[in-house]
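Notes follow the structure.
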Amino acid sequence: MDTATVETQPPRVRGEGERPPLPPLPPPPVVDLGFLKEVVEATAGVSRLEMCIQCGTCGGSCPSAADMDHTPRQLFAMVRAGLRDEVLRSNTPWFCVSCYHCVVRCPQGVHITDIMYTLKSMAIRAGYYKDATAPDFAKTFVYYVENYGRSFELGLATRFYLRHHPLRVPGIAPLGLDMLVKGRIDLTPRRIKHMDQLKAILARAAELEAAQ
Amino acid sequence: MKYLLYPGCSMERFSRPYKDSLLAICQHIGLELEEVDDWNCCGATEYIAVSLLPAYSLIARNLALAQQQASSGPDYHRAGDGRNSRGGAYTLIAPCSACYLNLSKTDHYMGESPILNEKVNQALAAGGLHYTPGTVEIRHLLDIIVNEIGLEAVRKAVVRPLTGLRVAPYYGCMTPRPDYKKRWSNPEYPTELDRLLKALGAEVVDFPLKTHCCGGHMTQISPPVAYELIRRLVHAAAQYGADLLATICPMCQLNLDVYQGEMNRYFDTTYRMPILFFTQLMGVAYGLELKALGLGQELVDARPALAKIGVEMPAAEAAPARRPRKKEGLPMPRMPGEEEMSHD
Amino acid sequence: MTDRFEPLIIGFTCNWCSYRAADLAGTSRLKYPPNIRLIRLMCSGRLDPTFVLKALSSGADGVLITGCHPGECHYIEQNYKALRRYLLLRRTLAQMGIEPERVKLVWASAAEGARLAEEIIKMVEEIRALGPLNWPAADGGRGTGDGKYPASVIHPPSEEEVTA
Amino acid sequence: MTERNEQERIGVYVCHCGTNIAGTVDVEDVAQWAAGRLKHRGVVVARDYKFMCSSLGQEMIEKDIQELGLTRVVVAACSPHLHEQTFRTACQRAGLNPYLCELVSIREQCSWVHTDRLAATAKAKAIVSGGVERVLYHEPLEPLRVPIHPATLVVGGGIAGIQAALEIADSGFPVYLVEREPSIGGHMAQFDKTFPTLDCAACILTPKMVSVGSHPNITLLTWSEVTKVDGYVGNFTVTVRKKARYVNTELCTGCGVCQEKCPKKIVDEVFEAGLGYRKAIYTPFPQAVPKWPVIDRENCTYFQKGTCKACEKFCPTGAIDFNQEDEFITLEVGNIILATGYDLFDPRRIPQFGYGRLANVFTSLEFERMSNSAGPTGGRIVLRDGVTEPKSVGIIHCVGSRDRNYNNYCSNICCMQSLKFAHLVKERTGATVYNFYIDIRAGFKDYDEFYQRVLEEGILLIRGRVAEVTDAVRLAGEEGKLIIQVEDTLIGQQRRIPVDMVILSCGLEPRRDAKEVAKLFGISCSANGWFIERHPKLDPVATMTEGIFIAGACQGPKDIPASVAQGAAAAARVLGRIQQREIAMEPIRASINADKCSGCRICNNLCPFNAITFHEDRMVSEINPALCQGCGTCVAACPAGAIRGTAFSNEQVLAQIEGLLLLNVDGGRAETVVPEAVAT
């Protein structure tokens, strides 16, 4: 050990003999304590997410809690803890059926459904979801709206099913046939008159959102 | 006096019976409706998950169009008409729950957040439009019938009371909740549809799952999740001895009716719970022509239920009922009142 | 420091309700702008309209009168008398060419610290929008008529400024 | 500038209040500024000090008064409602009339509500300046001495009211105890066991009730309500409506034959919480005090149909009197204690818990009655059918409490009550018991020990607020049960727990008529509807209105020990007053200068206390200082300026306005001031 090395060592504790340096500490877990604020700010209206008292009313009320990676309550605790990646990878927001039961029952008035929408769009942007079914359904839906101004069930169903549940198409097809027989499905999409106007509005909105 | 109508995409085709029957009963009771010209999709629950501002702008275009159309003439219904002074917000009827919620939510948040209001209007300006939050009041058709037309008037118009028909009133989620304007008697346990059905003479089941979820878009994304939700509802309706279930939302009707067969196949069950729109039942009670009400277009045959009150539909009108693959084996014990619907 | 106009508001409070609401706002650490200075009276019924005119003529840009909610007066019904005087006073102000909005009556119970704070915030903004008061009549008092002094004085002057 | 007395020597004292004031306001600067810029107004000394209310701070003021010959004192510190008395007393000790001291608030109204240090300091200077101007017009006063009537009115005969009444009566002073129901006892009389010791409520309450009923110093007025309150501290005149009992209490022996013979049976919504029955002539429970029954007119066959009179026929002493009428009596009292209690939250407002729809969902009060051995089931814990013992019971905490949709406060008693229920169910039925909680709050003496005991008994605690209670089955095994759906937050999973019985631990709410009662007695309610105490920590049983005290749950949710403590505390406050024989009051009164009075009589109709009389002979009005309450409305109305309001004179208020607007700076050379704005 040459003198130069000794000098760069931390100062010795008084009264102790010379000791070898301590090994380096492992890095702390990756947390993003600004995540809560980010989620709150990205949600329209007043989310009150910071008011959660972890009582579990949401998780108890949720019709699809059984299929979620985390209950909504756990997800909010994770948002608070700054576990950004785990939150955006969780399937929980994608299993939210927008039933608003938790919203009206929440004793703290947290706008849970709107927070789920926020987390969904954050997850899409981050490209973090592991199962693309739900995001793709949303995107397919958006495709029809952006091109026709209306949703189109048949197109939506076929486009989406062929991609995600090709094996289920034969099972579902008779159902579609039934609908056709009953006159409940259009074969071609309908387009609104002023599609150009809608496109202009959506384009401007997208610009404004990107600017944020 | 006219009411503005925002029908929504579902009403155009797959929930055509809803539109047909609502137009029929509105014509019958003299409620004049006028569609918002060139309306576009409300985005359902999908658009907002992809991007926020475009979603609100998409919805706001409809509000702006409604505002423009209503302010062009004097004879559109406004809030407070007939009760307080004139000059309130223009009434816009949205019979679909998702549309109702999305339109209400956009109006509410634009009013609550000046930033959102400004941005949405910047986007609308690109299409030459503008919307001032609060100028349009979004209301569900059920709300209009119960609170504007009034149950007394409904009762008077009944010529074929639904006496003896046990109906489970089903509201679904997005109409009574989150209820920004506190229009409904309760977001958990509303009574508007219950009271309306009673006025039609039906025997109303105190349906505990009346505002529980029908599965929403889960039929597309994760069918097993949706089937489970459909099973719960159909089972509870059967448990409570309902002859049929009345809905106020196209999505609920679609999931419970069209996917009931798929659900039966998935769980190997034999539920046969007819799902009708409340407007169809109103039309039946008003004595309107059954075909004009879109009856017979449902996938789970409603004939046995309606036969109970002496309403006969020509056989040709009804498509053959789909049968479950297997008939044996019930995962659930038989509930009181379930017998009469499992004979099919 | 900005060039923004800082109005000066005198607030009259009732010993039993709104003064305690102001105390509650304090104990709850609510925040409102420092443009208001409060005076305690035993009751809003004690408010002599002269007090308001005195405040306006001496440099205040607005006056906030507060009292117990109707029916909750500590002295049974004296707040109704305050209401009557207030309405009359606003008419008088209008006749003098002063915006009647410069004087405002707000009910606030002892429990409504948050409400009082909100009303103060609102009033400061409203008076700010109205701009400084140009007291029209020479009242024989001092420092009036120019519309500037001392309405915009939030800081009292320092010794140097006066001697400079 | 108004004329002032040139000889006054003023001392200004600015308090730091630790960092409470000094953290936002530059107190040193304020003191220096006052000394320099207000010296022309008579300020001879200005000091700042860490805690002005401390004995050292007070001594500093006293020393200055004596050594510098101060004639006026301004203290800039906290609210006068806190420390005005402290500084007045300090002045008095130094030989200065206490009313020559002015306390201005730069804490509640300045440092605590502002953040900008410059602006807050500036405002504090203005406030001090207002105080200096005002104090110049103060005059030496003597407090008003008001005699205290030795009798006390206690409203509400629950445990808090009973305790207060007994404490005062035992000290030898007369008490009127007014109770709305036919018997005293309140909610406590409905309970079976009391936490945490599990002693029987009746065993500890009945002796107290009997003492009240037989106490020579207590006049018990049950089946009665206060309808009017006149006067003020020391001398209240209270009107009480004694509702007709239709029973002559002179003759009635309380034998109970009438109740036996009465053919009309109705559900008792009050004492039995809807779980049991009573007759049309009834005492709510056998140990009722007083023992005399009442006839419930709305349900009595004779009153409704004109025939029956079974009670009259069988009464051995001829005590039934169908001709009785309501009676109004007036009481003279010196002090009033309100102990009006609480109402139970109505769980029908939360439809997803199923109360009212699902038979075997019970409220906490229903369960109290059920578990009471004198109750409708004789203490057996059974389902609504009255027979079946439950094999599993779910107890839901926080029903209607800690919930923004209903009441945002914690109802304080429910955790312990729910644990008590769990114990009773376990002990009597051996059923499986689940408690669903958000947090267990067991923070008082022996409470946590009780929690430990219940855990030992094998009660299953699930941390999670219940989402819904339903009979809509989803899984096998749920048939015929009530299913409690909840997220078990400690395992992060949604669970469905089938049980036979659900008990809703409902929160406590202010009485439905609390607002009207508050108005009647001239006190206020908080935003949640509870009566407001004078100070949340330091004066919990007094109110803003002199002579009116509050005790028990009418002030906020409270259990029995706390209610008893408050009842006793209120009694102690009243006894102190009575023993003083008189009370010193703020000498805030109006008086008319007969020389200036024009006899216009405008003031005559303004006074709600009828303190102003007009003397036809002299054509002047006069104010009776004993009746005047000092509101000052007449002062403001007198066109001749003949009425003077002590302590709030026109001169004082006008001077304070000038001071607040800084017209007095540098003795009035303020025109040279350069306007300066600041961002807030």
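All chains are identified by letter, namely A, B, C and D, in their written order; residue positions are counted from 1 within each chain.
One rule holds for everything that comes next: a contact is a pair of C-beta atoms (placed from the backbone, for glycine too) under 8 Å apart; a residue touches a chain by one contact, two chains touch by 3 or more.
Predicted model, so just to flag it, every value in this text is computed and none were measured.
Comparing the centres of all chains, each the average of its CA atoms, the largest separation from chain C belongs to B. Should one ask which of B-D and C-D has more C-beta pairs in contact, the pair is C-D. The distance from the centre of chain B to the centre of chain D, with each centre set as the mean of the Cα atoms, comes to 49 Å.
With centres taken as mean Cα positions, chain C sits 53 Å from chain B. Measuring from the averaged C-alpha position of chain C to that of chain D gives a distance of 31 Å. Among all residues of chain D, those that touch two or more other chains are 352. Among all residues of chain A, those that touch two or more other chains are 101, 104-105. Residues of chain B found to touch two or more other chains are 188.
Of all possible chain pairings, those that touch are A-B, A-D, B-D, C-D. By the touch rule above, chain C contacts chain D in their complex via residues 1-6, 8, 10, 16-17, 19-20, 22-23, 25-27, 29-35, 37-43, 45-51, 54-55, 58-60, 71-72, 74-78, 81, 85, 109-112, 117, 124, 142-143, 148-157, 159, 161-162. Contact residues on chain B toward chain D in their complex (touch as defined above): 186, 188-189, 206, 208-209, 232, 235-236, 239, 331-333, 335. Per the touch definition, chain D reaches chain C in the complex via residues 1, 33, 36-37, 79-81, 105, 107-110, 112-116, 118-120, 122-123, 125-127, 129-130, 519, 522, 524-527, 532, 544-545, 588, 606, 608-609, 629-633, 635-637, 645, 648, 650, 653-654, 656-658, 660-663, 665-666, 668-680. Residues 352, 398, 402-405, 438, 463-468, 485-489, 492-494 of chain D touch chain A in their complex. Only residues 350-352, 354, 357, 470-474, 476, 479 of chain D touch chain B when the two sit together in their complex.
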